[in-house]
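Below: a set of structures, written as structure tokens.
The two complexes that follow have chain A in common; it is paired with chain B in the first and with chain C in the second.
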Partner chain A sequence: MTSSTLQEGTSLRQKLALRGIDGVTLLVLPSVLFVLAIFIYPFIYGLLLSFAPIREGGMFANYITFFSDPYLYNTIAATLRLAVPVTLLSVAAAVPVAMRVRLVRRQRLLTTLLVLPITLGTVLVAQGMLNYLGPQGWFSRSLMLLHVISSPLKLTNNYWGVFLSLIITVFPFTFLLTLSYVTGIDPGLEKAAATHGASAWQRFRHVMLPLLVPGLAIAFCLTFVQAFAVFPSAVLLGAPSGPTRVISIAAAQAAFEQYDFTMASAIAMIMGVVQLCIVLIVLVVRNLFYRGATSGGKG
Partner chain B sequence: MQLASMPFNEIRLDRMSRSFGALNALRDISLSIRKGEFIALLGPSGCGKSTALNCIAGLLSTTGGGIYIDDKRIDQFKPEDRGFGMVFQNYALFPHMSVRKNIGFGLKMRSRPKAEIDTKVDEALALVRLQGQAEKLPGQLSGGQQQRVAIARAIVIEPPLVLMDEPLSNLDAKLRLEMRAEIRRIHNQMKATTIYVTHDQDEALSLADRIVVLRDGAIRQVGTPHELYERPAHLDVAEFMGFRNRFTGKVVSRQGERATVSAGSFSVSGTVAEDLQPGASAVLAVRPDDVTLSGDTPGGVSVTVEAIEYRGREYVGIARTPDGVEIIFHADNAAAPGSTVSLSIDPARALVFSA
Partner chain C sequence: MIRDTTIGAKLWITAVWAVTIFFVLNVLAIIATVIVSSLGTRWLGTWLPNAFTLNWYASAWQEFQLGPVLLVTFQIAFTVVALSGLLGVTAAYAMARRDFPGKKLVMFLFLLPLLVPPITFGIPLATVLYQFNVGGTFWGVVLANLVPTVPFVILVMIPFIEQIDPKVEAAARVFGAGTFKLFVHVLMPMLIPGILASLLLVLVRTVAMFELTFLTAGPTSQTLVVSLYYAVFASGVRAVQSIDAMAVIYMVSTLVWLLVALRFVNPTQIVARGNQSSSAH
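Moving on, here comes the complex of A and B:
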């Protein structure tokens, strides 16, 4: 009796072990609980909240309001106008920088310098840029001193202020991701291309770029999601009621000025759907490219 | 500027050198390579053979000397302007391109017309016997097939020089023999001037028209496989050529080419490879094949057998002299381990070097 129970116990444990489940698997529990409590529950709560409007008009009232009020639905376009160019520029600039940095011997020092803006946080960067690029900032003053311009450049409280600060906060992240993809490509492939007659541009165009596309697509998605959620710099450096009235500002106003949390939740959901659409499009395009190994054989 | 297909007579290295800081990885490498010749650069790891190949390819810049095609100096050219073909140790095939695209890469970079690329790639595919695999990706091929693609990619551009960097070292033993024969066959057919880097003397001996033995970044000896196999000029070259038995001692007598070396309790005769007079310290080196059980013949070296291995057609034994010198020998029949036997060394095939 005892021995047969033991036998069954062992076999259950063996069955679980075959699926890769054993005592160590329990270590995943804290993170599962964390994700449930901090991400899944608030998400579902917000989703349900968005369908329980405080205004009249049934469960879709918040969504109907959003898409019938240009002051609200135009925020999608305003955010995309910022996030898409910023992401494209970051990825495009990160590739040549990463291609060069991978050959540098003091790579860690350079990388640390480039990563510094991440640690400062968006608010500090926005504040610093406000001082630097503002009408009385060093930038315009220096240019005026050199007689390059006669009146201060308008680089704050408009689209370009937000654009520049977004680039600064987002680029290091894009760069680090891109660097890891670039260094992941077997350097032997470039040597092989060079000995077989490919110029530097041809090596990039025919060997590096096709192998980088899948990585760059991921870098694009992650950068885009960051840029799309722009908030502090759009308020501090932008024109938060004009061209840089981004979707997160609309959500914040709904929540903290109108105290309509259901509307804010609906806007947050719309924001999520827009991000998801862009990411899906990029991933579909990525699937059209080669996605296998980036080394040229055994090695 | 393309050098491919251009007529030439020889490729010449003139005191080519490369140093990394204080380290001289290559010192004054001078060598003339005739058109169509197959040269093997042979040496132990760290001898500079891959450095030499990378300098010739242009992947590393030289720090002294020159590289010439006839009278045209090319060592300042970028790798893409030299027009050479190169086969890499780890193949370095473009993983995102089909076999056909990989092979046609060099022609495409040279902006040749599509029809010409197709014809030449088909010819190259036939040459390396991969006609059926043209549309596959390199990842779908076996190691041997990948290396064939790499070879086809290098020779399809009809380069004045094909460089091969230990192309067989990632293959298993059986495949390595097959590919070795394949490289020989392709060379016989194409007559492409080739520099082949290897640390395997069997590969060098079986493939090359001439072998260049490198050591510590300098040329030790240049010669045909036969010359190197029969008459290595230095002890370290001899070691590379399979002279595994070495006896250190003093020259006790010399008559013409023949010298007798006394090594402790026994003395052996051999042929002098370097100028040595009686009294000089010397090393006598001999291959295990040239050490045999002497049976009743007098004048053998008396040894105790330590181990014996069956190798099919013959036995290979390890024995030790009373002073502890190890001797590897070949025998037609098994000698019992622990027994005392007498070994004879063929003086015509033993070489005496200065110690």
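Moving on, here comes the complex of A and C:
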């Protein structure tokens, strides 16, 4: 056979180079090893650790404790009650705003303003909101001035404080992501629909939305995963032992108050599994929709 | 641009803008309350404080020992920047230039730390770091912060490197440049804008990264944002204005870098990293 004689003449080095492996490819190794050692290994370690509880009761003791103690398993529902509405609201609001903003020439100012809460982070937003939403803060004061309400709203140290702070930090993220998808769609497609007499709603419903669905599904997943991991604002702005006792608080308490790292790892794994479930559901639903080019053209 | 002239369309457009402006106003007001409060003497039940003063900054600086905290913050941030630059740019070069078996898997490996939220992988990571006695130290915080930043640099840099014509490198090779010389004299000058942008964003992210630092920091390796969290958490012990002064110092230390970074990148790039790199193919 000719191919075997050809291969005999080439050294191992050349063979590897033919497959794309040479000195340059090896440059990827340090980063791969780093991610394996500092990200993958801890995950596996944590997974195994969660099956080696310090308490009695066999391998699954941590998981049994979690799912039999309402103080622990209710954190999943508490977190979902925050994360799901926040994600739905963010995605639903991001689409119309992004559809408008893409038509504006000078988007830079708005996008810069919206990057602020993402950059400053949840701790600073929580601190600002304690002042701003508090009973003497500007928010209640303005509403009272406008005679919308007669006494200050209670918006801190409860569910709504955390909800609003999540919206403030998560909506800009969803919006910027959605904007990058919306601007990626060829404007010619919408113009063509308009030429054929489609109304604004029809253009959105039958042209833009089908093209946006794959991107929106990703935006939904990334937003949800972020909202589900809410931590500092749930402590600072919420009622961390009541309605906003989210799952990350339970995990942090297990680790740093009870020093039970096996339980903390178990909670972190449960957290990861819930996130994964929601993401998988969204991705399965996404596959039912159209996937293809957003750039228009022939064919 | 298509013009919609029906009343319904106009109402809808107005409503969308009203919601957007309301949101932005609230964001600005949240930031403004912190600044105003940090400058005010006494602020109870009025629109603005009675009088203005700068004293809270001095007291916050002493109370929260901001000197050492800021020093540690920037030591950590710049170490993370240097290491993630070194690891990220070299890996991005290999990813952009070579097709090798398992490349998709490697790409997925780099995407994972950006998709999983810090608090989820932070707890097992902190456990491992404490096991190896790095938890609570300077290097523990640096290692933890590198987990999302190395992949971030890789994903931002891949499209930058792909833009450069491989013929330029081939020409340098013909004239006898080794890989190191090629990097320093040919690639680096062309990649500087991309490297600068991605590293500035890494700096902003590291200064603002709460979860990972919170989980891995000890008393001597706390960054500013973690100190701020503890201050707000134990508020009541200290004057609100003093905490707000600290918050303003934190804000300045983050926003300076953001403003510099925004000269090089579009704000959408800060969030749309995966999308950005995939659209460049």
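In this text, the second predicted complex is superposed on the first by the 277 of 299 C-alpha atoms of A that agree within 3 Å, B and C clash if a C-alpha of one lies under 4 Å from a C-alpha of the other, contacts with A are read in each partner's own complex, and residues count from 1 in each chain.
Just so it is clear, contacts are C-beta pairs under 8 Å (C-beta built on N, C-alpha and C of every residue); 3 or more make two chains touch, one makes a residue touch a chain.
Just so we're clear, the structure is a prediction, and the values are computed from it rather than from any experiment.
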item	value
Which of chain B and chain C A:H206 touches, first, second, both or neither	first
Which of chain B and chain C A:L280 touches, first, second, both or neither	neither
Touched partner set for A:H196, first chain B, second chain C, both or neither	first
Chain touching more of chain A, residue-wise (chain B, chain C)	C
Which of chain B and chain C A:D186 touches, first, second, both or neither	first
Chain B versus chain C as contact partner of A:A77, first or second or both or neither	neither
Overlap of chain C and chain B interfaces on chain A (superposed complexes)	191, 194
In the complex with chain A, residue positions of chain B that touch it	2, 4, 57-59, 78-80, 82-86, 88-96, 105-106, 108-110, 137-139, 143, 146, 150, 153-154, 157, 163, 170
Of all residues in chain C, those that touch chain A in their complex	1-2, 4, 6, 9, 12-13, 16-17, 19-20, 23-24, 26-31, 33-34, 37, 44-45, 47, 87-88, 90-91, 93-95, 97-101, 106, 109-110, 112-113, 115-121, 123-128, 130, 143-144, 146-147, 150-151, 154, 179, 204, 208-211, 214-215, 225, 228-229, 232-233, 235, 240, 243-244, 247, 250-251, 254-255, 258, 262, 266-268, 270-272, 274-276, 279
Chain A residues touching chain C - in the complex, by the definition given at the top	19-28, 30-32, 34-36, 38-43, 45-47, 49, 93, 96-97, 99-101, 103, 108, 110-132, 136-139, 141, 168, 171, 173, 176-177, 179-181, 184, 190-191, 194, 200, 203, 215, 218, 222, 225-226, 228-229, 231-232, 235-236, 248, 251-252, 255, 261, 264-265, 267-268, 271-272, 275
Residue numbers on chain A that touch chain B, as the complex places them	186, 188-189, 191-199, 202, 206-207, 210-211, 289-290, 292-299
